[in-house]
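Two complexes are shown next, each including subunit A; its partner changes from subunit B in the first to subunit C in the second.
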Partner chain A sequence: MTNVSKDALVQELVSIVGKEWVVTEREYMLSYLQDETPEPVRPKAANNLILVKPSSTGEVSKILRAANQARVPVFPVGGRTGLVSACVPTIPGIILSLERMKKLEVDRENLMVVAEAGVTLGDLLRACDEAGLFFPPHPGDEGAQVGGLIATNAGGVRAVKYGVMRNYVKGVEVVLASGKVLNLGGKLIKDNAGYSLLHLVIGSEGTLCVITKAIIKLHPKSEHSVTIIVPFSGRHEALQAVQKILLSGVVPLAIEYVEPDEVNLSAAHLNEKWPVQVGGAQLFIILNAESEEELLVSCEKVSGVCSEIGAGEPVLAETREEQDRVLRIRSNIYTALKPQLIDILDVTVPPSKLGDLMDAVEEIAEKYGVHLPVYGHAGDGNLHVHVMKEEGKAPDYVAKVKSEIYETGIRLGGVITGEHGVGAIRTQELTKATDEAELNLMQGIKKLFDPNNILNPGKVIT
Partner chain B sequence: MSKGLKIVVLVKQVPDIEKVRFDYEKGRLDRSSAEAVINPFDLNALEAAAQIKEKIGGVVTAVSMGPEQAKDALRDALARGADEAVLLSDLRFAGADTLATSYTLSCAVRKLGAFDLIICGEKTIDGDTAQVGPEVAEFLGIPHVAYVDEILDISIAEITVKSRLDGDNYVVKMRFPGLITVTKDANVPRLPTLKDKLRSRKAEITVWGMKDLACLDEKQFFGLQGSPTGVAKVFAPTSGKKKGQIVMGTPEEKARRIAEILLKLGASQ
Partner chain C sequence: MTNVSKDALVQELVSIVGKEWVVTEREYMLSYLQDETPEPVRPKAANNLILVKPSSTGEVSKILRAANQARVPVFPVGGRTGLVSACVPTIPGIILSLERMKKLEVDRENLMVVAEAGVTLGDLLRACDEAGLFFPPHPGDEGAQVGGLIATNAGGVRAVKYGVMRNYVKGVEVVLASGKVLNLGGKLIKDNAGYSLLHLVIGSEGTLCVITKAIIKLHPKSEHSVTIIVPFSGRHEALQAVQKILLSGVVPLAIEYVEPDEVNLSAAHLNEKWPVQVGGAQLFIILNAESEEELLVSCEKVSGVCSEIGAGEPVLAETREEQDRVLRIRSNIYTALKPQLIDILDVTVPPSKLGDLMDAVEEIAEKYGVHLPVYGHAGDGNLHVHVMKEEGKAPDYVAKVKSEIYETGIRLGGVITGEHGVGAIRTQELTKATDEAELNLMQGIKKLFDPNNILNPGKVIT
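The block that comes next holds the complex of A and B.
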């Protein structure tokens, strides 16, 4: 802490939010000190932290003004479901949790929802569903909060048809480091008034300002959806099918690539059974439509394309319960692998280059004699490569393996991260992979927004 | 005659219980408030039938009682392993309680001819009574085992199952013809293949009304007329307040005190 004593700061925070919403004892803030980043790459949280939970934008503003004057770092946190430690307080300062800010209002006329930052993804999905509307992005953990979803530009499995968080945020209310409250964008489909600060804020991982409220675009709810699982003899066939499906005119919500070992491990972890036990590689495809007929026509089209490549017979999960079950198994591959995981990579390439990326990953695995489990959002070119422990320890080749995978991704026209972000653990890689002029612009922007570097210091750019 | 067993699976179309609303005034589910799905326990019954068919061969017939739209549940059954499907649909079947439902279903099973095994889900999620399966067995005069959570062995003549009742496991061997009701633990229902799904959409579904069941002289047993029970009132139960008591002292003192309390409670029952 700088400028003021911790006691004085605590007193000031108490005067803003009330005594019960300021926590100084470490044992009561343990869950705020980490996210879902695998333990071997997760940075340690600093000592000397204060956790504060405001209930309104006004309180957030006062907290930031006080922190800025005292030059105290502020770490905004959401549901702590991230995978790159973007919210981990790595130096002494204030942890700012917006979990009490949970107001939510669905605007059916404009097909939008206004949600405060602490609204969870689960609450948002339920509210939209009850209103007969649909919020497509689904990054997995429904404990994620709106503020975090926007700050990390979350992606997930439904991006093929509907895009990522950026495609849904039409406006935000933010608090600048100075305490000034700004409204960017609005309930607008078109907005060309000057540079888009809104889109700078989306994906800024808490380094530019604190998001307190958002206007999010919705879709009418599709009445019918189905998940089909298609087995292929191997990876090449599966990836070939992805291209053909995307060209067929059918636009799935998701095309996920899974391999039997990982998906069976996840099923066992959940005490479930994966419904397809054939094929060396499988595609998990979610389709939606206005009628069952339309949906089945799409299924037949997808199946036709896949069978031309020699795919096995697809199976269908049609009921909500069955679809939820298979999606839950798919979404828990990460959780099942986590105890043995060193790092989960998130390299993303143009969809047509995914096969090349996977070939390269296989070559790297062979070169170092390791198993690198992969699965990913095949329709988006977004591959999650897992670097695993060996006999419970991190092997010495880890840095080399990661670096070679990153280099391959960039060589193929991709980026080091497609959805997880940079956070605290990919800053060096970002620096390495980004043009100096671009980095300078990023640093300049950071300085303009946050001249005293109090907002999430040490994250994204250093 | 085909090889293997002749199996009948009884299925019901129910509202999606997570979405359905309750009409407190009428004391009934508002079935129009949610989409209809096949009763989830019936999927376990169909899976059990499909596994038996794979193991020793046979023919699986799905039977359901309901309005025209219950054909969707039967099509689902066809996609998941049933070979043929019969819908019992007649306005005079409407308003049936479990007794009239069981009676109607048993008439249909009789009309189907000789059978070896009837499989039902342990209960339906809209009624939750778990009565229809055993009542069908009683009407047909055949043995039944309810709450089967594992099929241990099956042959052309008999089945050995594990049934869980009141926390105890029973291993029961039953000669055919007989009826079992299966729990969620009995198996993991398979997902239908696209091919089977498409085939089921075009499949012929036999529809039988009252006149087809050859029981016209017994029409007082069908539908509302044949239902001795009805719902008088529906309410959410209120749980009684728990009375906690902390017993202090040495282990011996605590044991003695607890025994005294229990004895006193027992005496007052």
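The block that comes next holds the complex of A and C.
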């Protein structure tokens, strides 16, 4: 911390948010020092941190103004559910938690919700549901917060039909490093008034400004939905089915690719049972519709396509409880694998290249004699490859395996990250995979928004 | 033109694209000197212009490098179908027409199309249709070109269900002012690799870079669609129906608001007849569906909602021909009004505020004793207000009327432009309506991308 003593800074922060919302003792901020990044690749949090919890945009503004004047780094944090340590405070500074800012107002007339940054995904889903509306994206952990969902352009399952977070965010209130509050966008379906700073902020991982509030588009609630699990003999049959389903005119909410080992592990971890035990590869498809008739038509089309390819008997989850249960098992594969996990990748390729990517991952696994469990969002070309701890093996395979997977993804027309973002742990990979002129533009944009580099320094662009 | 004589520049351009693709005689470039902006507000094109028609990205790159070194302005043009003179060359320089770059490749496996900038909307729609796929946005004039559609983030009808251009563009190839070629995004449904320069380019109206190629997401073709025209006694009944339809779970492809005078005028202009002659306000609703059953369910829901509000008998257009015919009448209201038109506004407000905006427009019309015909994309809150020539009236009402409409739109939570963009004729309004800090960021971004201000100078940000 440069222009100010820690004591003076603490005093200033106390004067802004009140004594009880400024934490300086490390033992009371432990859970703020990491996100869900696997331990082996997680960077260590710095010493000399101050945790601050503002309750309003005005307080956020004052904190940033003070930090900017003092040249003190600020690390905005949400639910800390990320997988690339985007919110980890890696140098001394202020941890800015938005958790107290949780006002939420559903606007049924405009099919939108106005939510402060600290509203959790769980709260958002419940409030929409109670208002008879529906927020489709489901990036897994319902402890995620709105600010973080936008800062990371969260994806997850249920993105096939309606897209990722970017497609839902119509407006944001943000605070610049200077303390200046800006409103970008609004309760608007169309907005062409100048360059879209809104879309620049979405996915900027807390490095350009602090998101304090958002306007999010909703859909009317689909009363009718079904989850279908279809077993296939192998991955290529399963992926062929994905393509044929998408071309059939049915647009599922989600098409997930899973293999039995991982779903069974997750089910066991939750003390549940995965309903389909046959097939080396499985698709997990969520369909929704306005009416029972429409759902039936879609369901029959999907079954027809799959059976043409020689799929096994599909299993249907029809009640809300059953559907929630299988989605929970799917969402917990990560948690189940985590103890043995070194890193989870989210290389994303054109959907038609997903099979090639999976073949290449298998070859890489064989080449290095390691286990690389995969599952992914098959409708999006987004594959999660897990680099695991290997008993009795020197850890030098990790870097090699990851580097080969990244190179393969890029060769297939993909990107190093489709949903988890860059954070602290993929900055080198981003630099390597990105054209220098593009990087220069990104660095220039960072400098424009945050000339003193106080906002989440060391993340995304370094 | 600063660092080079016109002759030397012409010679250099000829060496890049060949003699027949460099035009210096004004009489052979007349149609490149304007777009569809109404004559009374259209800026005059400068003298001393050179029209160049490259055939490849490599040629675009060489042209920009030469222009940048010589500090010569470059005005990229597409189909010149815009309404705010975004492509009009207002100072001496190079008109860069992408019309020869019209390669087009449909990728059925990924439900995407790769199109060069000069591909027309008409060609794009036809190619997708032939491949059994569907590109939903329809911004009216099918002479628009892909580069322009992206540069202006085009909207139009059919945006209610799937959104505007931004939601479809997954990747672009662009040329920076320096001549450097960049590829942003890709055939990707998810991409979180750094700041989204892709989304910054979308809607930047040719001021940040020249778009040479794009990857555009498609949908499977909906074989089943219907257009419904519903008469209402007045605008508030019609707009109440819009809201109830959207909350009912039906998501129409388009919901347009029209009034009989304007559609009849357009129909007469086309030598056609508008099918509904009752109701002071009408909704024009396009529904599409995967199956006949689903379409029927949606159709019944829409009719039910409208009849609850006291709407008149809906008229259905079911064949492709009938539907095309009514859409053509709707799309030609502008052309029919044009001879008497001074300006067409596209103020956009939260959808629930559209009635308030229309009431205010009516009051403004009464206050100034003028006629302000309106129609608009009711599902998007996007209203087109037409400021008309008024026989025997001093023209000082124009500025006052426009300024009151803009102020009302902003007061209602809207923006000065939802779809037409800023171009050359709304820069003052953008400046007035935008926070200074936001403008500074936009100006900084412009400078980063185009330090010598050669790309479409005088547009968007001045």
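The definition used in the following text is that the second predicted complex is superposed on the first by the 459 of 462 C-alpha atoms of A that agree within 3 Å, B and C clash if a C-alpha of one lies under 4 Å from a C-alpha of the other, contacts with A are read in each partner's own complex, and residues count from 1 in each chain.
As a convention for this text, a contact is a pair of C-beta atoms (placed from the backbone, for glycine too) under 8 Å apart; a residue touches a chain by one contact, two chains touch by 3 or more.
What you see is a predicted model; the values in this text were computed from it and never measured.
Asks: For A:57, is the partner it touches subunit B (first), subunit C (second), both, or none of the two (neither)?
Replies: Touch status of A:57: no partner.
Asks: Any idea whether subunit B or subunit C touches more of subunit A?
Replies: C
Asks: Given the touch rule stated above, what does A:415 touch, subunit B (first), subunit C (second), both, or neither?
Replies: second
Asks: Which partner does A:299 contact after superposing on A: first (subunit B), second (subunit C), both, neither?
Replies: Touch status of A:299: first partner only.
Asks: Is A:313 in contact with subunit B, with subunit C, with both, or with neither (first, second, both, neither)?
Replies: first
Asks: Using the superposition on chain A described above, determine whether A:222 touches subunit B (first), subunit C (second), both, or neither.
Replies: Second partner only.
Asks: Give me the intersection of subunit A's contacts with subunit B and its contacts with subunit C, in residue numbers.
Replies: none
Asks: Name, in rising order, each residue of subunit C that touches subunit A in their complex.
Replies: Residues in contact with subunit A: 107-112, 132, 152-153, 155, 159-160, 163-164, 166-167, 176, 178, 180, 182-184, 186-197, 199-200, 202-204, 208, 219-223, 243, 246-251, 289-291, 293-294, 297-298, 301, 348-352, 377, 379-382, 413-422, 430, 433-435, 437-439, 441-442, 444-446, 448-449, 460-461.
Asks: Contact residues on subunit B for subunit A in the complex?
Replies: Those in contact with subunit A are residues 16, 18, 37-38, 40, 76, 188, 190-195, 197-198, 201.
Asks: Mind pulling up the subunit A residues that touch subunit B in the complex?
Replies: 228-229, 272-273, 275-276, 296, 299-300, 303, 313-322, 326
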